Every structure is written in structure tokens, then in C-alpha cells.
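Chains here go by letter, A, B, C and D, matching the order in which they are written, and residues are numbered from 1 within each.
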Amino acid sequence: MKHEDAALRLKTIEGHVAGIRRMVDEEAYCIDVIRQIQAVQSALDKVGKIVLDEHLHSCVITAVQGEDQTERERVLQEIIDVYEARK
Amino acid sequence: MKHEDAALRLKTIEGHVAGIRRMVDEEAYCIDVIRQIQAVQSALDKVGKIVLDEHLHSCVITAVQGEDQTERERVLQEIIDVYEARK
Amino acid sequence: MKHEDAALRLKTIEGHVAGIRRMVDEEAYCIDVIRQIQAVQSALDKVGKIVLDEHLHSCVITAVQGEDQTERERVLQEIIDVYEARK
Amino acid sequence: MKHEDAALRLKTIEGHVAGIRRMVDEEAYCIDVIRQIQAVQSALDKVGKIVLDEHLHSCVITAVQGEDQTERERVLQEIIDVYEARK
């Protein structure tokens, strides 16, 4: 469900990017192109949020409840890393 | 040239997004998906920068050197707006 | 330790912001002011990362290992929320 | 006026950062600290926008209307640079 939602959104984003490419080909007004790029980035944010949600409710719960300290640390560190790298 | 560079990059980004969609379909590790999403957002940033560069060197110069105060103000305000909305 | 590191960084950031205010008072070059603002935002990112690290290694572990499903859900949702709101 | 507005906002931001430091000292809930950090970053965005606005309406107009091609190029490149570095 979440996977399907994310995949569907990514399909839409592909079409959106293709549309921006056509705008560029047709020499659309630059600011309109930039605004569409920002809209795609927001749509990607939404997908990232969905995937993070799924991750927290599966892998993270498993790792934190598990016995393996190294694995738990690895999983928590990854969250910090993607938080830091967040656009 | 700049248009072609931007269009080419957008073509690559479409492929990148399609690749992320396949990762999601194949239930790839969530953090890897998030990292690829962040990579696409960085690639889009680069396109935005190229388009803004072109805009500043064409429309903005024309508007600022022109006589039309309203048009000049409109063009400067747009730069502030896309700066603010910048992801 | 982590708390002290974060507090120390925030103290430095206060001084940095006061410095920017003086730059503005003395009519420093606008672009230099903007660059200093961006530097403060990066320094705040670093503090946010330290605090998130501490949070994951304390409250989140406790909540995820605990019996209270509602509390666990609340804690995971907060991570998603701050990820989404991330500047 | 714009200078005064920016300086006043920076003064408020200093107080806001000092407040976050006290929250950290008093071991406030981590997520609340992160949210306050994000609020300060938004407030800094607003100051950055005000300063950019002033810059566009003074230095940029002067440089773009001037005869010095190198200076014009420098000023336009700076806008691209701060756009790219934008948090």
C-alpha cells in the first residue's frame, strides 16, 4: 500500500520531469521552469516521507527491539544521516 | 547550450526517478531509496541553478536596463520569490 | 556531554547572530550578510543533528522497546514530522 | 527601514537562540528543541529574504545598469551562488 503509493507518486514525478524538459526545449519562461523544479522537489519530499515512515515502522522497530547492538546502532545512525542530508 | 545542458540533465533525472520507482517495486532497502531521492533533488538543484543563471543573463539584464519600472520590479520580485521557495 | 556540546554550540551561534546584526547596522555588503546567515543555518543544522542523535539513543529506544503502542507510534511520528519540517 | 527591520529580527533571533540554549540546559524534550531550531532557521530565512530584496534593489540595479561588464558578471554570479547555497 505504502509501496504502491510511493511507486505511483514516482511515476507521476517522472511525467512531471518530462514536462519540465519539454518546457526547457520550448524555451519556456525561466522562472516558470524553476518553479516546476521546486514543485518536483516537494513531491520527492513527500515520497521520502512515505518511505521513511515505512522504514521506521519496520526495520527500525525490528532493529531497536533486537539483541544486536551493532545493527541497532547502524539503523539509528542511518536516520541521523538521512536527516542531515535532507534537502 | 545552457538549454541543451538543462534538457539533457532533466532526461537523466527522468531515468533516475524511473530507477527509484523500480527500487520501490522491488522493495529495496528504504534508506537506499531515500538517498536516491536526495540525489535526484541535488540534481534538480543543479538544473535550477543553470536555469537561474540563464535567466539572470537574459531577462533580468533586459528588465533592469529597460525603462519599465513595473516590469523591473516584477522581475526582481520573482528572484526573491524563487529564492524563498528554494528547497 | 552531548547536551554540553549542543549548549556550547548554541552559545557560539548567539554570538554569530549578534555579529550579523552588527554587520547589518554597519551596512555591510548584503551578500556577505546572506552568507553569514547561511553559515548560522548550517551551524543550527549541526545542533539539530546532535539533539536528534541523543533523542534516538534515549527516548526512541525506550519507546520502541516499551509496551505502549500509542507512545511508540507518537515517537515515530515525531521523527517523520521533524524530517519533513527539516530546513 | 529594511536595515532596521533586519536588525530587529536578528535581535529577536538572538533571544530565540538563547532560549533554545536554556531548553538544552534544562534537558527539555529533544523534539521540542529540534522544532525551535527549525523555527529559528525559518526566521533567518526571512532575514535573508529581506537582505536579498535590498541587494537586488540597490547593488544589482547599479551593477546591471553600469558599464563595467566584469562587475555586472560578479554581481549576477553572487546571486547564483547564494541561491545554490540556500538552506
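Here, a residue touches a chain if its C-beta (ideal position, glycine included) is under 8 Å from a C-beta of that chain, and two chains touch if they have at least 3 such contacts.
Fair warning: this is a prediction, and the values are worked out from it, not measured in the lab.
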Required steps from chain B to chain C (each step between touching chains, minimum): 2
Taking each chain's C-alpha mean as its centre, the one farthest from chain D: A
Chain C and chain D: spacing of chain centres that average the CA atoms, whole Å: 17
Euclidean distance of C-alpha centroids - chain A vs chain D, Å: 27
Inter-chain centre distance, chain A versus chain C - centres from mean C-alpha coordinates, in Å: 21
Shared-contact residues (touching 2 or more other chains) in chain D: 45, 48, 52, 82, 86
Chain-level touch network, classified as line, ring, star, complete or other: ring
Interfacial residue positions of chain C with respect to chain D in the complex: 3, 6-7, 10-11, 13-14, 17-18, 20-21, 24-25, 27, 29-31, 33-35, 37-38, 40-42, 44-45, 47-48, 51-52, 54-55, 58-59, 78, 82, 85-87
Chain C partner contacts - residues on chain A that touch it in the complex: 45, 48-49, 52-53, 56-57, 60-61, 64-65, 72, 76, 79-80, 82-84, 86
